[in-house]
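Let me begin by handing over the structure; questions about it come next.
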């Protein structure tokens, strides 16, 4: 098989063989992650140890072959090896070999769940990428606002945690609020509306402040939602990616016939 | 009664009899589901066994008559039988007969709650269908973006679950994080901000990572909300693209018959 | 004092006396609700019984005078008495008298918290009413879509509750899922991401379905948010409240000069 | 060093020295807050007491020098001292000195966490300020609507709390609902979907009302989200209302200098 054919099958999904490869890869990834999960369950691991070990080696060898075929068939192989996807592809196979050589590293085994990220390999279909792309633009535009919001939330959490430490821990004698880090942890649990309930305020003042934190957490969720929604709404409005030939400025509307900065015609 | 009259009463809601039938059906559905629920409560079932059994048979016979009238009065009866609604109509009556024949199948009894889906039969009113329809368009458009989002969340949950398994389970010795599936389950409980609180991290590192998961879950809810909101906003915009012939101004509503600036007629 | 002057002070907030009355009323309402709350706390009630009782009678007599002044000063007093606000005004004073006459009705005492609704009386300021009005339009427009959504959620909850009843209760033997109503209650607790944690699934299948319910609940919150946001965005677009003189149709844009249905001029 | 140079370094971030100062300040703030947190943890405080005390004094002296340099280098020093940021700068150093003089005030130590607010000092970068500014406008516009919403939620919580007090506490005999304030606290915990789970309804009626509260809380979160999103979307829309003089078409962006349809200049 020529290098080009291998590349076509592994990296693209246009041909029937390419599609079949993608579906096979998807199933292999999902099964191999399932094996990693089941291995961690003691009762299952003891009963089916041989089977799980065999499957693990099967998938590892399969992914190793695939990894080297990718390096072989791609033109800029060095670039691929050090790309995010290349490193993930390597992390998906390396732990099994490492543990085989040095058995004491058995905790590394869990690193293999990064295999699940490889699922994104299979989603090459245009409409998914387009959807992801629009969202990425919208999210990237929202970063400055989101940063300001996150910072404010972090500050709020730290200050509210410190206040609860004094009221509940120092004054109320509640052992669950005995230090600031634990009070901040409780603050996060409450503000995000997770509410485990293993740590709760017991004093009246503590309950009042807790109520304020809950209502705050319930209300300020509206802010990031508003930011991201507005970002997506704006991105949806089909801004043309075309630059003006004359002044090379961008950001024209889709229906624009002339550049809004210099007035020269835009050929769509 | 002619086939047409029966069809009109059962399938449409325009005539007084059709409306009366719909309201009767609505009440019958709700009561029959209530009976299924109460039957499952041991104390009530023991005391009112005869009454509940009688009601159950009453509703089953009623729905059976209705089912056969539907098949009789509709033109393409085969198409109806194998449609989603036809199957639900059948599932609503079948379990009672099956359990009568083979009493050991009594678990099947619960299938009868699908009767509740039949409520949608009654909501034939135009404005509800219109509302549902607009939403369906908006949701369908959002599918590629939502898929990418859901996939990212699933990956996040699996990887965070695996990390917590190592930190809390392997290193921290927390029995609640003893295997990856349970850690992933905890991840889901925390990320979705449900937070049962029966399983909580005990180590400092575990609490820090849990805090990150909570803040993530609190924040990324903004993404699907943004996607769907933007989809609905876009779908809602019923603004016509037509310009007025007389004054050539644009921006008329879809239902406009006259130009809102000069008053001359718009030919849609 | 004339009837007109009393009306001006009680019902309007334009004059200094009217404003002073409103602020006084606001404080009286808040204090009287505080008294109702404190009365329910046994330890406080026993210690300050005389004071609380005296305050309660003070506020009741105050509100009674106000109530009769409202009836006296308003033109259509019958209409006021049977309006929502009139009934709330009556419910705010009646329980105290009733319990005085028939002491066994002491549970009625709690009805007095409806006094808090009277706070809305004080918010006559234009910008608040305008804000509330825009929101009301937006929410009213969203009703058909919200109804469809709520119905779908209710169906989901009932069916998921029934499934959990079989899996956890019947097959898993979990006593917390022993009947359908309790399973549905748990479904609601989980889907709304409240997650008390006193009832949790124990079987593997139960945990998997619980995970699906959580992710569903986490995701579908986006739908009502999207509906209401789109409604508010649309309403924000300044739709004029003016009806056409010729055809009396409404819903014209703020910048419309002619009726979009019949073409006759609109005098803004 | 001249007064101007000091001002430039401390208050601005345009010069390399100004940037270096900002980064140094950021690290000092974060470390000093970490010290405050660790001091509150008994086990750490006992082992590293000398180190923590030394670090605390180091940071306090550093911030004191910075504080006086700010006062010295700024023109309107009185205005700075009584500004929000000036007071926070003072609160960040005062507690350490006060506790040194009067050791019994050791609870004051926690006030030092307000240092974290000083982080905002460092974020002078334009795009962050711009992001925060747009959000501020959007949020300020939403205040009347948000006020009406918050008020409605507070009323709902109080009334639902009172109802639960009667049903669960009075009639159901549940000790967790023994007074109205505690019932209201539970109402807040449930409505905000925090759901600690240490207090739960036990009666059937109580569970039904709890279900309604949960569904309400799950649903009405859509309202503030809608309000804020609509506010941000509106603020984002920098579309000029100006029509082109040449072709009289509208819908140009705020920064447009030429008509996007015919290319002739727009005089803003």
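By letter and in written order, the chains are A, B, C and D; residue numbering begins at 1 in each of them.
FYI, a contact is a pair of C-beta atoms (placed from the backbone, for glycine too) under 8 Å apart; a residue touches a chain by one contact, two chains touch by 3 or more.
This is a predicted model, so every value here is computed, not measured.
Residue numbering shows that subunit B and subunit C use the same positions for less than half of their mutual interface.
Interface comparison, A-C versus A-B: the higher count of C-beta contacts falls to A-B. Placing every chain at the mean of its C-alpha atoms, the farthest one from subunit A is found to be C. Centre to centre, using the average C-alpha position, subunit A and subunit B are separated by 28 Å.
A straight line joining the Cα centres of subunit A and subunit C is 39 Å long. Multi-chain contact residues of subunit C, defined as those touching 2 or more other chains: 181, 193-197, 217, 221, 225, 227, 229, 233. Residues 144-145, 147-149, 151, 154-155, 158-159, 162-163, 165-166, 170, 178-181, 184, 190, 193-197, 200, 204, 207, 210-211, 214-215, 217-219, 221-223, 225-227, 229-230, 233-234, 252-253, 255-265 of subunit C touch subunit B in their complex. The touching residues of subunit D, counted against subunit B in their complex, run 193-197, 225, 229, 233.
Across the complex, subunit A meets subunit B through its residues 33, 36-38, 40-42, 107, 110, 113-114, 116-117, 119-120, 123, 127-128, 130-132, 134-135, 138-139, 146, 150, 153, 181, 185, 188-189, 191-198, 217, 221, 224-225, 227-229, 231-233, 236.
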